[in-house]
Amino acid sequence: MSDRYEPRIVGFLCNWCSYAGADLAGTSRLKVPANLRVVRVPCSGRINPLFIFKALEEGADGVMVSGCHPGDCHYISGNRYAKRKLAVLRRLLDWVGIEPERIHFTWLSASEGARYAVEVAEFVDKVRALGRHNPMARQGVAS
Amino acid sequence: MADGMRLSRESLQAALRQRGALWAPNDAGHWSQVEALPELGPIRPRRPVKDLFTPPRREIARWKAGAGPAEIEPAQPDQTPGSVFGVRPCDARALLLLDRAFLQPSCVDPHYKARRENLLLIGVACQPGPNCYCGVFGFGPDDKDAVDVMLTPEAGGFVAQAGSPRGQAFLATVPAGAAVPLAAPRPGPQPEWWTGLPDPKALYANFDHPMWHELGISCMNCGVCTQYCPTCQCFTIDDESFKGEIQRLRIVDNCQRSDFTRMAGGHNPRQVAASRLRQRVLHKFSYIPTQNPGLLGCTGCGRCVDLCPLDRHLFADVFEIMKRINQEAERVA
Amino acid sequence: MNQSLRETVKRLFTEGKVKSVLGYREHPLSKAVVATLITRPEDADTLIFDDRCVQNLARALTRDLPLPVGIVVKGCDGCAVSMRITEGDFAREQIVAIAVACAGVRADGKTLDERCQRCEMHVSPLADVTVGDTSSLPKPEKTRAETIAKIKAMTPAERFAFWQKAFEPCTHCYACREVCPLCNCAVCVTDQNAPRWIEQTAKPSSNLMWHMIRAFHHAGRCVDCGECQRACPEGVPMHLLDLCLAEDVEELFDFKTGVKQGGKWPFLLFNPEDPDSWLGGPHRG
Amino acid sequence: MLRDPLLPLAARISERVDETADTVTFHFELLDEAERKAFRYLPGQFAEISAFGEGESTFVIAGDPAKPERLTVTTKRVGAHTEALHHLYAGAIIGFRGPYGKAFPVAEWKGKDIVIAGGGIGLAPLKPIVCHILNHRADYGKLTIVYGARSPGDLMYATDREIWAKAPNTELVVTVDKGDANWKGREGFVPAVLRAAAPSAQNAVAITCGPPIMIKLTLPVFKDLGFPAERIFTTLEMKMKCGLGQCGRCNIGPFYVCKDGPVFSVAQLQQLPQEF
């Protein structure tokens, strides 16, 4: 084990595309950083901003959100609604002084296992560069 | 008329520091530990002094998740000796009511008791503000009955008088200044239209009166009145946890919240806003005096009037309610 | 003003257009202006409107009022009522908006409220009847952009520190929620305990969570009535965060809350042309 | 040193019985030997049980008061806390505070017939009464128990009911709202079945507990059978939190349910505001 800082990242992946893409990365024996803890959601439109805030509060260093490409949504347009919400969420984080770069959005299809591996690796590097201190993270039970 | 004792600010501060830690209201009107005696505003601070005795968030115990029972660590009562400076008579009187709940012989709250025993209440007489109504309850802005020492500010210091044997003993430790004759206690203010406290029984008898619902429209049950009330004591018990560390907490709660009385199955006896408004008024002006003759659930501090976002006025409401009850009683007679 | 308001309300009753009216009255004892619900035309004589009418009565609109309900609305209040109709809380015909010409209110009785200084909406866009002189209403003294400029100018670290300090006195009393005309979730996230999204006690993390969620839920819905901040017993400037997001929503979605009847909340819509650039890269200089 | 009355005692679950799909009975004992030996409770008293990390809830102690070392609560899964409790099995540690509240006045009932009408999980507070009567069988007259549940799968305390059915001078009537293919017993709502069973009100006491609607419909039946309001008892399940008369939740009129109740006679309830 190297002693470099390994960020913990929560990934919200849509069931129909991105999660399948992550699966493909695995079955293709691609190397994907182990920093990502995946939460499978039915659709990127299901992601309530609360999930992301809560992940940051509980100490995640970054949050990755991934859904089907625009136009490919299993529920027709859930990802397009998600885009609007997430756009505002990014700005809200910026307004309260939390780096919006800690949130990474990407559209990823079931066939893009290789790109999944790259996206995760790049995001992990980016969060590592941002540093250990996610300002929203709680420090203890009473903080 | 007894004499008071003239104290300089410096000698009082030195004697209080000698005794231990010092608490006082800060600029935001919250109670915090201070090094020196602060300059106080003319009236009561924003937060009542109950915060020091029954804090909004009090730990009962903590433990590590998955740990055995031996690892339950009870919170230790704060036994720091010290004094609270700047207690107003309305807040001090409210503590007498909290004593009924937290010092009842069958279940003494050790945290409350430790604070009550260790903290000397140093009252400071106030210049009543526009919404101060201690006069309604028969005391005034320099009332010394519920504090240990009552100070009346004057240039460069205070005139002190003891309100309790404990206060008397403390005053004996301060380098004595000149004795000055005390002015007569000032009467407390009350609304010019106020005619007297309601009869608890009459209020209770009108539990089902439609006026509660009429009043309900001008109340949104935000509960600000209860949070800043010096006598409100309701709480809930819940756990908070973070990464396996769990705290059992006693958390301030209030009867205005819609889920205060909601039971696990969903049944809620106080479903509508008006019933919660009624609960607050009746608890303060009917239930408490019925349970504890001679005590009222209100000390006239007027914070609820000051802070109500909808500018409701507790005393005006109570007055109107009583007026209607009396009018109807007369009509029947 | 009061006279024509009272006559208007009486007429609405006699013409059978309303079964009840939400308005303002001066409390005979406390002299404070409080909300009142009248159900008889003769009670209209208690109604008033002046610069002490700070409350947004839209918060008191509930479906158990005798409908159709008349409601006395200032400009911002009217936007809130309009939003509630848009969101399906009420059918348009259940509400009779009594728009009053509002030159701004004075919560302290002296100076014009901060929220009113930037008001561009002195008369409700939703108006079934209009009362008062709408011709000579004041121009805004400052803009929203000016109000939030100081936040914009900060570095992220400064912003974080600013909000931490601003939210610190919050006690989770939720008066801001209760007073908000658009906080009408059946069960607020603060009251949910499985999971407990926002912890009950006040501390830095839970304060930030609450105010972020609050702001997010109001993005594109907040009508800038500023009631939240006025209601706050601790003076937390939470409305400033709403304003910041309102700026974004207008910029991103070209949407002005409550102004257009039937204008849908932008989160319930999408445009296939919505750019992906929203989701990455620096977006503000 | 003074013990914080809100501080729970640790208890270990000794047995878990899954009564129905959403109801679990836990038997447990206090870990501290001195506390365990000294512990006593009376029928109708309640306790605060906690799954650590999820808070506390109020449950009636539904065991045999003659065996106070073995404590029992029956819990229905309705919220976050009971959900957490239902994840616990024998051996797990829970928190316990109690006993609190006024008990059923069983001593005053000596020499009388007892009629019990329970619905669903409302049988839990009534079970200690039955245990007490069976323990002191000679002291009481005839015992009639009418117990109903929504469906055969919702009936609790199967083992206890077998004992009760065989007990001397005891009549146990079990009913379900709607039976299934295997159900050979009685069908019908508790109030109707009670009316048909028609226990005598002569020198008798009635006790009922169950969902609010059942209680509402059962009380008139008791009245028709000739029970005066002073001799009908129930327990109020007002949401209690502290059990000490401090937290203010269970305040009804000038009373606190946790201290002045939870057991009330119908005559007492008629004096209270109808806020429960």
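Letters A, B, C and D mark the chains as written, and numbering starts fresh at 1 in each.
In this text, a residue touches a chain if its C-beta (ideal position, glycine included) is under 8 Å from a C-beta of that chain, and two chains touch if they have at least 3 such contacts.
It should be emphasised that the depicted structure is a prediction, and the values quoted were computed from it without experimental measurement.
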| item | value |
| --- | --- |
| Central chain of the complex, centres being mean CA coordinates | B |
| B-D compared against C-D, more contacting pairs | B-D |
| Distance from subunit D to subunit C - Cα centre to Cα centre, in angstrom | 48 |
| Between subunit D and subunit B, distance of the C-alpha-averaged centres to the nearest whole Å | 38 |
| CA centroid of subunit B to CA centroid of subunit C, Å | 33 |
| Sequence positions of subunit B contacting 2 or more other chains | 236, 238, 240-241, 246 |
| Multi-chain contact sites of subunit C, meaning residues that touch two or more partners | 195, 203 |
| Multi-partner residues of subunit A (at least 2 other chains) | 138, 142-143 |
| Parts of subunit D lying in touch with subunit B, wherever the complex brings them together | 1-8, 10, 31, 48, 50, 52-57, 76, 78-79, 81-82, 93, 95, 211-212, 237-239, 241-242, 244-249, 251-254, 273, 275-276 |
| Residues on subunit A engaged by subunit C in the complex (per definition of touch) | 49-50, 53-54, 57, 70, 77, 80-81, 83-92, 94-100, 104-105, 107, 135-136, 138, 142-143 |
| Contact footprint of subunit A on subunit B as seen in their complex | 59, 62, 240-243, 245-247 |
| Subunit B residues within the subunit D interface of the complex | 60-61, 63, 65, 68-69, 72, 74-75, 77, 101-102, 104, 106-111, 113, 204, 207-208, 233-239, 241, 246, 248, 250, 253, 255, 260-267, 269-270, 275, 279, 283, 286-287, 290-291 |
| Interfacial residue positions of subunit B with respect to subunit C in the complex | 28, 30, 46, 56-57, 191, 193, 214, 217-218, 220-224, 227-228, 236, 238, 240, 249, 251, 258-259, 305, 307, 309-313, 315-316, 319-320 |
